[in-house]
Each structure stands twice: as structure tokens, then as C-alpha cells.
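One chain, subunit A, links the two complexes that follow: it is found with subunit B in the first and with subunit C in the second.
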Partner chain A sequence: MAPRARAAALPWLLIAPSLILACGVIGYPFFEIIRLSLSDVSRFGQIRGFAGWDNFARIASDDIFIAALLRTLTWTVCVVGGTILVSLPVALVLREDFWGRGVARTILMLPWSIALSMAAIVWLWAFNADYGMINATLVSWGIVDKPLQWMARPETAFPVEVGIGIIVSIPFTVTILLGGLSSIGGEIYEAARIDGATGWQSFWAMTLPLLAPFLNIAIVLNVIHVFNSFPIIWVMTQGGPNNQTHILVTYLYELSFYLGRPGPAAAVSLVMLAIVFSATAIYMRLREA
Partner chain B sequence: MKKLRRSIIAWAILSPLLAVTLLPFAVMISTALKPHVEVIAAPPRWLPTRLAWENFVDMWTVLDFGQSAFNSVFIAIAATLLALLIAVPAAYALSRLPMKGRGAYQQFLLVTQMLSPVLLVLGLARMASSIPFGDGTLTDTRLGVIVVYAAYHLAFAVWMLASYFATIPADLEEAAWIDGATRAQAVLHVFLPLAVPAIAVTGIVTFVASWNEFTVALTLLRDPSRLTLPLKIVNLVAGRYSVEWNQVMAATLLATLPVAVVFALLQRYLVTGLTLGAVK
Partner chain C sequence: MRNGWKFLAAGAVLAITLSTLPARSETVRMTVSFYSAATGPYFEKMAAEFHAANPTIDVKIDVVNWPALLQKLQTDISGGTNADVSIIGTRWLLDFVKDGIAEPMDAHMGAGFKERFIGPFLKPGQIGGKTYGLPIAASARAMYYNKTMLTKAGFPDGPKTWDDVAAAAEKIKANGGNGFGLMAKGTEVDVYFYYALWTQGGDVLDANQKAAFASPAGIKALAMYKTMLDRGLTEPGPTNYTREDLQNQFKQGRLGMVITAPFLINQIAKEAPTLEYGIVPVPVATTPATYAVTDSVVMFANSKVKPAAWKWLDFLFSKEPRIAFTKGEGFLPTTVEEAKDPAFTENERLKVFVNLLPNARFAPTVTGWEDTAKAVTDAVQSVYLGTATPEAALTTAAAKANQSLGK
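On to the complex of A and B.
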């Protein structure tokens, strides 16, 4: 081969294995899901024929699906919103120079290293009605007069799950925001102080606008991650009681492997993929801007 | 004095979050060291009357902890090596070589990163059961899980490696060419030694992600002798009427503590890497 042709081919040769692996392990299942969603599928996965939009029509009239779709919206907005609201002040504090900053930072990063499934189990035990430390603490502090059945009722179980979703998302978000804050030099604050700006004014007029791209990245990455987050709800309530804590991923899993309805499950997958792709498109826009 | 004031305010603001972050660890340690009778005594107390080390012995047998830990380590190491083997050349090409279609490739990576395996579980399960392996199919094999993990961690690994590689000056390799080294020699003797920290950090992140993964393993693995630690531990709790929480917490502690310690030691490097990736 001519040297120039070789030089042009080399990068493609180097990325070829990654393309093959990704296309095989991500592309093929994607194709399978499209095929299943348009087919009449037996509970054992046998394709019995073309079904057109039947599977989509079936999930559209499925009350559990509609409820799970709306709950996914609540879940994503509450977890991501809560995460940003907590992470922003934490990142601002961690940027300051104070005694024990390294220790505080290391502790706050800890949940990142714990598997979501393991965190869910520990919290499930902490919220245990009879023997959990949460009820024990609340009762001994006199905040409640008798132990609450946290995980037995959706009204309390779902907010608990949202709270845990927030806690596990904070380390990643604080990291991104700290990276953003470190890119803002100290000089502009010095200049603002000389011009007589208060701390509050410099936060609104300088920190927040300069941090905006990082906030955007943190929000979009978190939205995609939280939207797809499976272990917390699956381990703590499996979508129950009475299907009232299902989000789309947990319902998708139940449809696929427990209720034996692969056709509608594939349709749920595609609806979710469409939502994720829209979020990705927004992310790409933000990266270009 | 100013710093003292600042430190008090900072710790005061952070303390509620620190408490909530440390609570699960306190619960884990407290329960893991309690005798069974104290675990099911109401109201529960933080401190055990004696340290019940037998919890660790009991859960080791119940869980077949050695085998499950081996499965987790084996799968995580193999997936990490496979992902690095494929990601390092790709990241090198992306950060060093002039290339047509670079933008398209980057977009492709981004799209694969957005596709969480949980959205494709049904397709993954069908794919695994359609590929023959040994006496059966890839379903219920460690190899199946390894390949899936490697594929889904690829985009992140390439992204992180490429942004690190871009910070290694190209002059050094070019100097080696002038001294008569071939491109391959320059990469091997000049570039790779400098890239070792970046590869190590990426490898550790991939390892931790594989070690912690739940959904794919839950979908593909069935045989109790092949299950990873998270699956085994969740199986002790899910759908059971009586749960030996002291054993479960002992197992959770042993499964999470080593990774948490490594992570705590390395988080500084991780922060740098992620920040580089995010800004680029």
C-alpha cells in the first residue's frame, strides 16, 4: 500500500475493534428489540408473526405503563433537581479553603464506589419498620410516636427511593461542578470585590453564568442516568406495592422476564430509547453551543 | 482566625449531607457485628453488646462467598482488560492521528454511551441465547457477561483515555522519530510509559463499574455457582420472609469496603480525569 493510503487507513484500523464490538453487542440487541416490538411474540420468545403496531397499542392502553411513564417523569425531575440543588452549594463550599476539606471531600465521594444494589439493600434495612435505625432514631427523638411502615406504602416508599437516588447521584455531580469552578480564575472575584460586589452578587452575576455549561452537562448526564436507573427501585420494592412504585425500567424488566410479555416489553424499550435519544440530541446541541 | 471561622461554617453546611452519607456505612458495620438476637430486638441500638464475628463465617458459607467473589473479580478483570485492549488503540487514534470521520466516530461513541444496557436487556438476553458456546449458549456464562460489560464501558474508556492522551505532548514521540524510531517503536517506548497512569485510572473506573454492575448479570446469569456478589447478596433479601440481616450486612460490608477504600485513595486522580473529559 502507498504510504499515504496507509496513513489514512491506520486510524480506522485502530478504531475498528471498538466499532465491531459496539455494533455487535449494542447494535444487534437494538435490532432484535425493533423486530420483537413489531411481532406477535409468545411468552417463551417465539416469534409467531408480524403484529404491526399491536404491541404499542397494547402498552398505550396499559394503565400500569401510563402510570409508570408519569412516575418516571416525577422520578427523573425530582432526583436530578434534588441532586443539583444539593450539589451546587456543596461544590461551592468544597471550593473554599478550610480545615479538613480533603476529609470532607473523600467522605462525600464514598457513595460513588458503592454498587447501587448494595446501597439499596443497606437503606432497605435502615428503613425496616421494626428493627431499622431510621425508625429507631425518629422515635427516640420524638419526631414520630410509633414506627412507620416505610416500604409497605407507595406514598412513603417512592419518596424514600427518590431520596436515595439523590444521595447516590451527588458525588458525580459535585465532581463535574468542582471541575467547572476550578476553571473560573480567582482574579475576577478579586476585581468584583474591589468594585464593591457582595458575595451574593458575584454568585448570581459571575459564578452561575460561568458555571452554566457544567450545570448543563451535569443535568443532561444525570437525566439520562437517572432515567435508566434500575437497581434502587428493583431491590427496594420491585415496583410494588401494587405496581405503585414502578418506573419504566422496572416495569420493562418485569414485562420481559416475569410477566412473559416480550412483545409489549420491546415496545416499552423503544419508547424509552426514543426519550433517551431526544435527551442525547439536546446534549449534543449543548456541547456544540 | 478567618480560616477557623470559614472551617466551622463549611463543616456546619456539609454536616447534614455527611451524616446521610455515612449513615449506610454505620448501619452496615453496626448490624454486621451484632449477634442475631440483637438484630431482631426492638428498639434496635447502634452498639452490639459483643462483636459477633461469627456473622462473617456464617455468611461465607451461606453465600458461597469465595466462589461469588471469584466470579465478580474474574468478570470485572476480564471485562476491564478487554475494554482497555480495544479502547487504548482507538483513543490513541482519536487523540493523535489525522482522521477522516473523527466527528462521526465521536458521535457514535456518545450514542453508545447513552444506550444503557437495561434498555436493551431483552435483546441482550436473546442475543446471548442465540450464540452457541461450549455445550450450550452464551446465556449463563461468564464470557457473555464479560463481553457485554466491555462493550458498554468502551465509550467511557475511549473518551477518558483520549482526553488524557491529548495532554501528553506529541513532541516526545516526534523526537524519537527523528532519532530513527518507527512509529510503533515510539508508541511502545515513549508514549505508553507516559500513558500508564491514564490507563490505570481508566482501568480502575471500569473495574469498579463492572464489579458493581447488577442488571446485566441479573439477566444473563442463572446458575448459583456463577452469580456475582451483588446478585448473591440481593438473592438473600429479595422475596424472603425471614432475612438474616446480620449476615447480609456482613456480606455487603465485605463486598463494598475494599472497593470503597481503593476509590477513596484514587478519587483525586479520577476527578482530574473526569474534569478533562467534561471540558473537552
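On to the complex of A and C.
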């Protein structure tokens, strides 16, 4: 082999083991999902025959799927939007040097260490109609005169779930933003202050643009997480009542493991993959432009 | 050289371990569902007893939660790593047989084995004249009522008709409690509607296995529940209440009436021993009815230790193990011999359930039953939420169910 070719082959050779591993780990399930989505699959995963596009046609004609698809978009936009809106000021406050900052940072990060499904169960108790802490508080403050049935109606259950989605996404997002803020040097603020910039001006003209790459990452990662987030909704309402809190991932789970249809469920998961993939691609492209 | 000694020592230990194993030992693996905290210990104990009598057979038990069972079976079966025998919901059996996963057990059975069972409980496990599932757990539904509340309301012996239920609930409401527990979240929401449907003389499916619940009886049944809800005779916001939630309310003495399974007797004895309650048949409009359900044990067709697995099942379905299981879990006896045990014949409360069996409806063995359950659940919830009328909701649900029934 010519020395040049050898030099070109070397990097490939070096990454080959991890490349092969990655292909196996990602490629095999991906291939299986595609195979399932094109097959007539029994409840117990036995492939009974080739189904062509039947599974896709089936979900496309299912009004629960369409509603879940739209609700997934609402869910993602509300949770990610809400998370960023809350996390940004929190990160700005936590950047300031104040007494007890370390404790404040730790407290904020604590929810991260709790498994999502456990957090959802605790919140479900908090929102329990009969002995939940939320109702007890509202009644004792005289805000409502009798306990509210939070989880009984989609109009209240879904916003509650969105709120919890925001709360559990904050630690991760604040961490990213804090990292970003710490990369912005103090000198430019000093210079701005000398030039007479107000706090708002320096936030708008310096902090935000300099934080943009970190905001981007926070948004993209949160979109991916939240779009696929299963535990909160499944634990609290299982997509009900009357399917009105289903997002795609809970609908997919119900389809596969309750109604016993792995084929259409695989089709749903491919649709989800396509959505996340294209959303991320579009967003990245927009930011580059 | 020191390493050499280590290898030698390890080799010696290995050799000793191997030589103490029996020459030919077989392992039977069983997947069981978690019914209560007693389930795991019961099966472990049985496995130990069985092993003592059959030293060459080891039984390994894997306990799985109900909601996770279908998922586990799905992944295990598609990966070919399933156990040798498993407990399944009898309603899944049809798919098992269609896929050739379940082994017909008739050839293994000794003379008189089938006669051990109470006929109607064995029947759902038989498809095409072959026995694929043995009923390990059986249950029926009846109405529990809080004696203190109902006595105050003028029904000391419990309600007999739906009119009684409404009248009693009206009084309980006036006394500041929840009258009738209406279940509209989680599993069995469909069944809760079927109680009213059946007792109004309706049926879920017709003779051609197509949806028949959108009948006048069905509409009347659902309208009755909805009226009770609107009049405040149920707990508020039923779409927030699962079976467990209602059972808890009942145990706490905050709910007058609820229809549920016999295992609540055991729970009350343990958690609310002072609660004064009675059990009566499901209230009637025109026709007496209840729901009965079995879980089955199947043997997998790909098992490599079928004779050993059968021996284990033969043991599990003998008298003493059956009595221990049924008593521990609070189910109904499925075999003739266990039913004769005083634990069941002298239990007045359990007797109510047993006496209901002649009028019991089983979930039919038909594909699409789960889809029907889902469609009916959605319909019931939409009516309670006030987004559809009973007639419209049930008609939509019937159309949906028919897309899957029998296919």
C-alpha cells in the first residue's frame, strides 16, 4: 500500500470498531422496526406475512393517531417553550454571585436525580382529588370551594402534564445555559457598563446572542427528549380519558402492548423518527442560515 | 507460579461443584403474574415442595406485574427465550393458538385430569376441541356495600335492583358520602358498563360475534349511569377513578357501593378489618348477570422439557396446592376438590360469588376483544365527559369494534 493510501486508511481503521458497534446497535433495531412495520405481526411478535403499506394506511385512517399527532406538537412546543422561558431567567439568577448560590444550584438540580416515572407518581398523588396536596392547599386558601378533579378531564389533566413536563426539564436546561453563561467573559459587561448600557440592553445585545449556540442545543435536545417523553402522561392518565391526552409515544405503547398490534406500532415509531429527524434538521439549517 | 496454584484451586472447586450436581437435572421455567404479595412466596414454596418430591426437576419462577406481562411475553416469544409454562390472560389464548405458540395438553393428561376442573372454567381454555389453557385463577364480580351507610339509607340488606342503588345513593349523598362507585379509568371500564348492559337484557356481541352493545338496552344502560353521575349519586369525576381507587375509597368507608372482584374480601380483612360490609349480586334491571374471568396456564410448544413441565402442572393442579393458592389470593376455586374445602363452603361472602356463576358471562374467545374493550371504554368516557350522547358514542364504538372483531 502506498504510504498516502495507508495514511488515509488509518483513521478509518481506528474508528472501525466503534463504527461497527454503532451500526450494530443502531442498525439492527432500525432494520427490525422497518421489517415489523411492513409485516402482519401477531400480538406475540410472530410475523404472519408481508403487509406492504397496510400498517401505515391503518394508522393514517385512525382518528386517535391524527389527534395524538397534533397533540404531540402542542405538547412539545409548550413543554420546550415553557422550559426555555423558565430556565433562562433561572440560569441568569444562578450566575450571579450571591450568598447560598451553591445550595440554590444543588436544590435546582435535585429533581434530575429522581426517575421520571417516580416524579410522575409523586405529582399524581399531589394532584389526587381526594387527598392531594394541591387541592388541600387551594381549598385551605379559599381559592376553590371544593376539591377539583384534576385528572378527570383532559382540559385540566393535559395542562397539568405540560406543567410537570416543564418542571422536570428545567434542571437539564439550566445546566446547559449555565455552562453557556460561564463561557461569556465578564470584561464585555464591564465595557458595556462603562459605555452606559442598561441591564436590559446588555442582556439583549450581548448575553442572548452569545448564548444562542447553547440555547440551540438546549432546544434541540429538549425537543428530542420531550417529543419521546413517555412516563409523565402514561403514569398520570394513560392517554385518557377518551384518548384526549395521548401523545404519539403513549399511543404507540397502548397500540403495541395493550391492543397487541406491534405492526402498526412500528409504523407509528417510524413516523415519529421521521418527525424528530426532520424537525432537528430544519432547525439546525435555520440557525445556520 | 502463584497463579498456577490459584488455577488449580479454582479447578478443584469447579470439579467438586459439578460432581455434586445430579446426573440429569431438568429445569422448568414458569412465568407467573403478580396477583398480590402472596403470589411469589406461594410459587416458590410449591416449587420447593415439588423439587423435594422430584429431585431431578428444578422449577424456576419468574414473577411479573400484570401490566408488564403481555410486554414480557411479547419480547420473550419473539426472541425465543420464553419460559416453559406461563400464566396468561385467557383472552390472549386465541393468538397463542393461531401462532402455534401454545402446546395442546390433552396428550399429556392422565385419565380423569379434565374432570378435576369445574366445567365452565375449563371451557375458555379449550379451542377447536383441544385444551391449551388450564384455569389457574378464576374470579367473578359482585356488589360490595357499606352496611353502615346502606342501613342508614334504608337498605340494610343491600340493593337488589338499579332503582335500589339510585335510591340508596340519593340518601347517602344527603348524608354526605359517595353513593355508587362508577369506574371510568384504567382496566375493566368496559366491564363496568357491561354489568348494566347485561342486567338490562342486552349483550356485548351477537351470535355472529359482531358488536351488539349499541342496542336499546345498551343505550339505556349507559344513560342510567350518566343520569346517576349527573344527579351526583356517584363519586365526582369518575374518569379519575380506577378500580383500585374505588376499592380504596370503599375500604376507607367513604363509598357506599362498588362492583368488584372477590379478592377485595382478603384486602378488607387485612387493611380495614373493622369495616361493616356485605356482598350482594350485581343489581338487576331485568336479567341477573355477572362477569367471570379466568387466567390460564399454558405450556409453550417450543419447551424442551415438556414431560417435566407437565409433571409440575399436574402437581400445581392437585388439591392442596390449589387450596393454598385460591385461599391466599382470594380467588374462586377452579377444581372440584378444592371447592369442597371448608375455606370456601363456609365462607358466606365468597358463596355470593359462587352462586352467581350460573349467570356469569365470560369474555368470548374472539379476536378483537381488546379493541372492543378499548372502543367501549372510549365511548363510556366520552359520555361521562359530556362530549357525546350514549347513543352516538355506542354507535361509533360498535363500528370501531366491528373493524377488528373476528379478524
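Some notes on this structure:
To be clear about the criterion, the second predicted complex is superposed on the first by the 252 of 289 C-alpha atoms of A that agree within 3 Å, B and C clash if a C-alpha of one lies under 4 Å from a C-alpha of the other, contacts with A are read in each partner's own complex, and residues count from 1 in each chain.
FYI, a contact is a pair of C-beta atoms (placed from the backbone, for glycine too) under 8 Å apart; a residue touches a chain by one contact, two chains touch by 3 or more.
Because the structure is a prediction, the values reported are computed rather than measured.
Look at subunit A after the overlay: subunit B and subunit C clash there.
Using the contact criterion defined above for the overlaid structures, shared-chain residue A:43 touches subunit C, although it does not reach subunit B.
Touched residues of subunit A, counted separately for subunit B and subunit C, are more numerous for B. With both structures placed on the common chain, the touch criterion links A:278 to neither subunit B nor subunit C. Once the two complexes are overlaid on the shared chain, A:260 sits against subunit C while remaining clear of subunit B. Of the two partner chains, subunit B is the only one that A:114 touches; subunit C does not reach it. When the two structures are aligned on the shared chain, A:240 is found in touch with subunit C, with no touch to subunit B. Contacts of A:152 after superposition on the shared chain: subunit C is touched, whereas subunit B is not. In the superposition on chain A, A:198 makes contact with neither subunit B nor subunit C. Stretch 241-249 of subunit C is the one among 241-249, 349-357, 367-375 or 385-393 that clashes with subunit B after the shared chain A is superposed.
The interface of subunit A with subunit B overlaps its interface with subunit C at residues 45, 130, 238, 256-257, 262.
The part of subunit C that touches subunit A in the complex is made up of residues 70-71, 73-75, 77-78, 92, 95-96, 98-99, 101, 184-186, 236-240, 249, 254, 370-371, 374, 377-378, 381-382, 384-385, 387.
For subunit A in complex with subunit C, the touching residues are 42-46, 48, 129-130, 149-154, 238, 240-243, 254, 256-260, 262. Remark: subunit A residues 7-8, 10-12, 14-15, 17-19, 21-22, 24-26, 28-33, 36, 45, 86, 89-90, 93-94, 96-101, 104-119, 121-126, 128, 130-133, 136, 139-140, 167, 170, 175-176, 178-180, 182-183, 214, 217, 224-225, 228, 230-231, 235, 238, 249, 252-253, 256-257, 262, 265-266, 269, 272-273, 276-277, 279-280, 283-284 touch subunit B in the complex.
Contact residues of subunit B toward subunit A in the complex are 3-4, 6-7, 10-11, 13-14, 17-18, 20-28, 30-31, 39-46, 85-87, 89-90, 92-94, 97-101, 105, 107-112, 114-116, 118-127, 147-148, 150-152, 154-155, 158, 208, 211-215, 219, 230, 233-234, 237-238, 245, 248-249, 252, 255-256, 259-260, 262-264, 267, 270-271, 274-275, 278-279.
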